[in-house]
Amino acid sequence: MTTRRFEPIDSGVTPRFAGHATFMRLPVVVNPREVDVAIAGVPWDGGTTNRPGPRHGPRQVREMSSLIKRVHSVTKISPYELCRVADVGDAPVNPIDLDRSLESIRAFFAQIVAAGAVPLSVGGDHLCSLPILRAVAAKGPVGMIHFDAHSDTVDTYFGGLKYTHGTPFRRAVEEKLLDPKRVVQIGIRGSTYSADERGWALAQGMRIITIEELEDLGVDAVIREARRVAGEGPTYISFDIDALDPAVAPGTGTPEFAGITSREALRLLRGLRHLNLVGADVVEVSPPFDPSGGTALAGANIAFELLCLLAESFAARKA
Amino acid sequence: MTTRRFEPIDSGVTPRFAGHATFMRLPVVVNPREVDVAIAGVPWDGGTTNRPGPRHGPRQVREMSSLIKRVHSVTKISPYELCRVADVGDAPVNPIDLDRSLESIRAFFAQIVAAGAVPLSVGGDHLCSLPILRAVAAKGPVGMIHFDAHSDTVDTYFGGLKYTHGTPFRRAVEEKLLDPKRVVQIGIRGSTYSADERGWALAQGMRIITIEELEDLGVDAVIREARRVAGEGPTYISFDIDALDPAVAPGTGTPEFAGITSREALRLLRGLRHLNLVGADVVEVSPPFDPSGGTALAGANIAFELLCLLAESFAARKA
Amino acid sequence: MTTRRFEPIDSGVTPRFAGHATFMRLPVVVNPREVDVAIAGVPWDGGTTNRPGPRHGPRQVREMSSLIKRVHSVTKISPYELCRVADVGDAPVNPIDLDRSLESIRAFFAQIVAAGAVPLSVGGDHLCSLPILRAVAAKGPVGMIHFDAHSDTVDTYFGGLKYTHGTPFRRAVEEKLLDPKRVVQIGIRGSTYSADERGWALAQGMRIITIEELEDLGVDAVIREARRVAGEGPTYISFDIDALDPAVAPGTGTPEFAGITSREALRLLRGLRHLNLVGADVVEVSPPFDPSGGTALAGANIAFELLCLLAESFAARKA
Amino acid sequence: MTTRRFEPIDSGVTPRFAGHATFMRLPVVVNPREVDVAIAGVPWDGGTTNRPGPRHGPRQVREMSSLIKRVHSVTKISPYELCRVADVGDAPVNPIDLDRSLESIRAFFAQIVAAGAVPLSVGGDHLCSLPILRAVAAKGPVGMIHFDAHSDTVDTYFGGLKYTHGTPFRRAVEEKLLDPKRVVQIGIRGSTYSADERGWALAQGMRIITIEELEDLGVDAVIREARRVAGEGPTYISFDIDALDPAVAPGTGTPEFAGITSREALRLLRGLRHLNLVGADVVEVSPPFDPSGGTALAGANIAFELLCLLAESFAARKA
Amino acid sequence: MTTRRFEPIDSGVTPRFAGHATFMRLPVVVNPREVDVAIAGVPWDGGTTNRPGPRHGPRQVREMSSLIKRVHSVTKISPYELCRVADVGDAPVNPIDLDRSLESIRAFFAQIVAAGAVPLSVGGDHLCSLPILRAVAAKGPVGMIHFDAHSDTVDTYFGGLKYTHGTPFRRAVEEKLLDPKRVVQIGIRGSTYSADERGWALAQGMRIITIEELEDLGVDAVIREARRVAGEGPTYISFDIDALDPAVAPGTGTPEFAGITSREALRLLRGLRHLNLVGADVVEVSPPFDPSGGTALAGANIAFELLCLLAESFAARKA
Amino acid sequence: MTTRRFEPIDSGVTPRFAGHATFMRLPVVVNPREVDVAIAGVPWDGGTTNRPGPRHGPRQVREMSSLIKRVHSVTKISPYELCRVADVGDAPVNPIDLDRSLESIRAFFAQIVAAGAVPLSVGGDHLCSLPILRAVAAKGPVGMIHFDAHSDTVDTYFGGLKYTHGTPFRRAVEEKLLDPKRVVQIGIRGSTYSADERGWALAQGMRIITIEELEDLGVDAVIREARRVAGEGPTYISFDIDALDPAVAPGTGTPEFAGITSREALRLLRGLRHLNLVGADVVEVSPPFDPSGGTALAGANIAFELLCLLAESFAARKA
């Protein structure tokens, strides 16, 4: 097992637009045993109920991540000095077959977990989080800090279908992948199918912080609440890009008006240091609906924040 | 006369992208006697002084309104349980003839008013509000809560023309459709033709809350002030999409930098419950200048907020 | 059973951008017994192997079909005088469940066929043609004139999957819905998975006219050949929009360079009068990849040509 | 009166993207007495029955005309050596008032004609051609070579309106501005309101060459026919950009599938040398529907071809 | 020397889309002696390290500045009443030759300065500020209030290159054009090449206010701090459009997530009245990456704010 | 030295949108000794005189080349069976420094040539062809078949600059890299700076086939003429994407109206089999001006045709 660290290509030497696009301009390393934090794409949107496109998300986020440099300017974290980080490629997927895709995604991430690495996934639609959780939480339920416009805890769609991008976290609770009492959902908003749409989640003990509550409490209080809910246990972070305001991230399948601003998003994420993180994802970036590329840019920045959190948490566990 | 209520198509059964696009996925009902709140399009932009396109607004807002679900997640209002709501189609218009259009729009809304229904109109440019007010205020002046970057109370344009999208509310005051002392304009900003451009409106007693004042006062104080000005009498709400920041709503004819954010807009509208509302409109959505569709998305969300307000107000009057 | 004919809205009275968008500005008629040619949408792209989006095709083709007028300027056919034509809405679909969708689409078109009407479908991806053929060819195999860049007769994709938009016509032959000796494919081109990719189709007796052969033979000879192959029996026309050059129709899932020009397409279709037509479709219009709307415009024009052919054929059978 | 000639800015010295955008990078000269061929914009689209936007045409064609160099590579004509050519600015227009605009446009071009200059106009919608013809044909009817998808000889729209972009040449014949026997229309196509829609034009003696006839005859025969019809008398050329195929020129109000190709267009125009030309226009370039800028690029190139024709014709008359 | 003042074209008479696009619809005046505030374009992006395009900025900002009216609605300043303001055209540039361009830009602005006028420049990339400072600070170092996502004080790029858009202010300090102790940088953010990337600037005495500090301090405190740093001496304002959030200004070469909002930007600029201003610029507007035009709209508005500041400052010095 | 052949990823197993984008989905192989045909990107546009952007060409062509399959459907060539083909990455470039870039590009290709491999380059602007020719023709002049709208044999630009994308082939002749008598230029068109602009090239003995001559002669005759000119000697093919009609390829720096159609382009290239080819390039794909992606799609298809030609020629030499 190598202990080689990986460095992004230096954009002060090789321009950002040159070379193959990989996450953060990192090398491609296919053996998960060689990495500590594995950045993977999941180019699949077979759970999408409305506008499709997140299957194209990983490539476009890779492209935009060329803009990210080595060091976090606020925390001064350079993840590449803390541990071994690389682009491990895309999970195998099948755009036609939902069941096989859920299994092949799970198996891909199970390998990463088995190798001792922490996965950072770039989707793909939000159903992708379910097979990742099956890998990450194979040994017991995890907590989750979940940024989203939607709770994604609907029971079924379209006549009883249990697996869509609106249902992953209901399934994850049922499968005991998530401990609902350690789940907090931030940025929830928008019209609902029924007045009680969020009732099931609340009944399980999930903490829902709507965009209105976020605005009333302020970012710092939300951070404290999120940390309280997640606690000390193993925790996953899932960031649906539609948590952000559509002015920031129009390129997504079910844009929801009046969301989290870009500055709030960064501040919230930066408030999540020193948790016990076992994985993270950013999902629902849909390039066909993103004419300015702003959504992929948001995705790349969110991914970098998550990377810094994961690297620091990984390093702390190893220390 | 039927008392049948109308329901939007259930997006948990029929996907959002399926079927003909109607406002809020509601049925089309052409007889205004069968509805309480009549959502109508006004595909006309003959009063536009700069970039055209709002004639295409109604269709695109219909398309984007497929994203809206049945229940308001904050107020828990479901307008479809409070009263009969339907898409009554588009007012007849004539893209070449301003005079005929003003009359045919007025007559269309007069029928709605005569049937006892409350109109919710989706424009079209802002001159469309004038013939609607002629219908709504036929029996006496109304108050107005007006969201806009511009006061729209210029006297004339282009050598004495009295009917443009920059003049409707001057005409409405002159025609005694609006009681200027019960008019509040929110979000006004941008450079002006003269230092005294807003003088006429102020002299009539209108209350102008510029974006700068909004920022200084805060949303809650603005709500109180708007409610104070509008008072108990019959009130109309007119929402020019250019009240919003161009980052949120670029697709409009005269975008004005640095406007109302999406979250402020929702909070402002949600502060207007329990007024005596007689109609509302959202105008100036111009799809040809809206590459990401964000402006139409904004229009659909504003329309839903207005719908909830109108339905609640209608139901309260009937109670 | 009514004998009422339906007329498009007159764009000389009501502007093209006004009112709800329906196919050809026709009324919506949900009962297939009231129509002779039933124009239906199939908003489904669950068989798509590459870029998604045709689920949004029906709405966008409806929108663009507002540009089409009543009478064909070359043939002088007005389909609305020959028979009853209406927009019958969209087939029920399920974006997550391929099997259910294939069945619900089939059942929808079986109702149309059972009512004695001829279906004109606007997709949707090309797999949609399979369930339509199951309805149209329920009593025996039909011939097909097929415009496409691809033969769509691959056996399986992605590890044995038999139902994708690259396989419908292999399945249709296997299911004896198509008589391969009465099938002609026009416009086939592009790189292939193997040197023998088209071997199966040829072995069945299908006639493949590549774009190179089309160019060499000329349009008139291709028409003669297509008519010879299709013969006198019941015949279906399937038009994949990617048959057209990507300059004409960029908005499609697998654009193939150097295709049929718009003028060739019209001339080819106009050469297919007086066949015994039992249905037709235009598929693979993908609005998210169509920034200028040109692909949907092409789709609407192809649909009108098909409508004229179907109406004339229907009327001839009734005469 | 000056005899100074004007030169475009040299793009080998000053890059194309630098400086104010004027037609062909020519100086702005407001006094028509100082020019022989006056290139003018008409930023007006008040006669538009469908998608608006040609009011933005002149600016965008100016922008794209920066790509045009000094000399015609086929004819070797350099118009700037043959006569005085300049950008004379835009005709005064009123986006709200049709009647005033028709008069102010007419007066603007009457001044140009009175000064002895030949106008080359960049629209604007096609109704703009009517007031220009009123100026150009003030002393007697002219012939016209007219490139268009539509005959534009409808009588009235929307309940009797006589002035729209679908009616200019009916009015022009009625007003004896055009000699219909010297009018040829090239590229006509598309569905029609009625089977006899082109009957009036034909009855007046106009020669209509549909796109189908153009394809059958070939470009050279069409040139001969156009020259035969126009004859020796004073002749105007009007080029509606929708004559071109929508793949070439998508940015227009009523795009019509399957039109003239770019190479045919140039060859046709180059066949019109040595006529007795009294003016020309290119109209219906609508930038809001032109995401790639290709339509404005087409407009600039058509304008340059027209300029070469006008300059040569002017010089021949002066010789 | 004339004392003629210049007025923008009145958009209440001539529509905004009509006529040649100049900055603020002002006349073009090529002799700098005739103006007090000279608005100039610098269509050059030869220092760009990533996505190119600002060479097209001046034309597009001119186009969008047609939306700006005569009077500042908050300060009531009308710059055209305070002094002579005109569009003086573009600085000569060479897209291939960096050295010559730096010199020709410098010489162009030196002429403006020599004529006693104050330059307001619209770029172009940020390296353009260096030659302008060479003109403006020819007689001694100036202070600077600098809005940007990046400090632009890197030493070298790409193997020792000293002149890029990431290095201008390091050069300016070295050349004693800037007094670093009178420089404040506002809005700095984003990942960095190294943990000490901003160390050089700080070591020189520059004051860096990151976006995080701006958010913590509030706009009013930042204004006070900026005024304190700049002091009474001659001061330049440089506004890189990427200081703004990418939702507001996506069209720029190195967009940096989570920036200054539009309202903050205006409030910050309005806090800079009554300084001793010797010039200003707005740079890095890149139209090819700006599908909605919002970035150019931002550029035009920032330019107008700067114009009001410069005009007031100029007038105060002359009083 | 390995004799391993490389295969593209099988799109029937791994969907086209999955995984890192490489040319033709081939592996990345950095050692040129391991390949026979080396596909390389040149992300540089420092010679561009007008709209920039080709620096982004290699990545976008890689992305679109995912659509290309293994076998040429007309020639049945599968280049991967004939020789070793891989993506060798991008040449090192410097967006600020023209001289260094010309040298680093040359050195990169010199290594490829020295290794015995044949380069297929994807630009980048057309000046990139010069350093490639310096590598390819190091031992003596080569012939060239050159597709372009422009001759690119201007002497200097912008005051004597000898190295721009309008000058590469003048330099190449001067440097004896090209044998002008073995150079044929196809598709040349558009307005010119002077009547004699192409005189120098003709005087050297180059054969220029304008678009007009191509249309008159027909494709087959042009192929014969091109083969006659190029003869038996070592030959390079350079394909400027602006050779194509702007409807096909709008995303380029100096689009020239009325160019080569996509079908003509393929037929022309397919006529160039069995020449003695020593390299090829496709240049001037500019993604920022390519909203539909059609230009990059064209680039990918042209690259595949070139690849088949190079592979066959390489294999023939080795046989």
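Observations, loosely collected:
The chains carry the letters A, B, C, D, E and F, assigned in the order they are written, with residues numbered from 1 in each.
Here is the rule we go by: a contact is a pair of C-beta atoms (placed from the backbone, for glycine too) under 8 Å apart; a residue touches a chain by one contact, two chains touch by 3 or more.
Just so it is clear, the structure is predicted and the values come from calculations on it, not from any experiment.
Any chain touching subunit B that also touches subunit F appears here: A, C, D, E. Centroid distances from subunit D, each centroid being the mean of CA atoms, peak for A.
These two copies of the sequence, subunit A and subunit D, are related by a rotation of 180 degrees on CA atoms, to the nearest 5.
Residue contact pairs shared with C-F exceed half only for one pair among D-E, A-B or A-F, and that pair is A-B. Centroids built from CA atoms put subunit F at 40 Å from subunit E. In this assembly, the C-alpha centroid of subunit D lies 38 Å from the C-alpha centroid of subunit F. Shared contact sites, meaning residues of subunit B that touch two or more other chains, fall at 15, 17, 49, 51, 55-56, 94-95, 157-159, 245, 247, 289, 291-292.
Interface note: chains touch in the pairs A-B, A-C, A-E, A-F, B-C, B-D, B-E, C-D, C-F, D-E, D-F, E-F. By the touch criterion given at the top, residues 10-13, 15-17, 67-74, 76, 78, 245, 247-248, 261-263, 265-267, 291-294, 297-298, 301, 304 of subunit A touch subunit E in their complex.
Of all residues in subunit D, only 14-15, 17-22, 28, 41, 43, 55-56, 58-59, 62-63, 87, 89-90, 92-95, 291 touch subunit E in the complex they form.
The touching residues of subunit E, when paired with subunit F in their complex, are 45-49, 51-53, 55-56, 94-98, 100, 157-159, 161, 163-164, 288-289, 291. In the complex of the two chains, the subunit B residues touching subunit E come out as 49-51, 154, 157-159, 188-195, 197, 210-212, 215, 245-247, 250-251, 254-259, 289-292.
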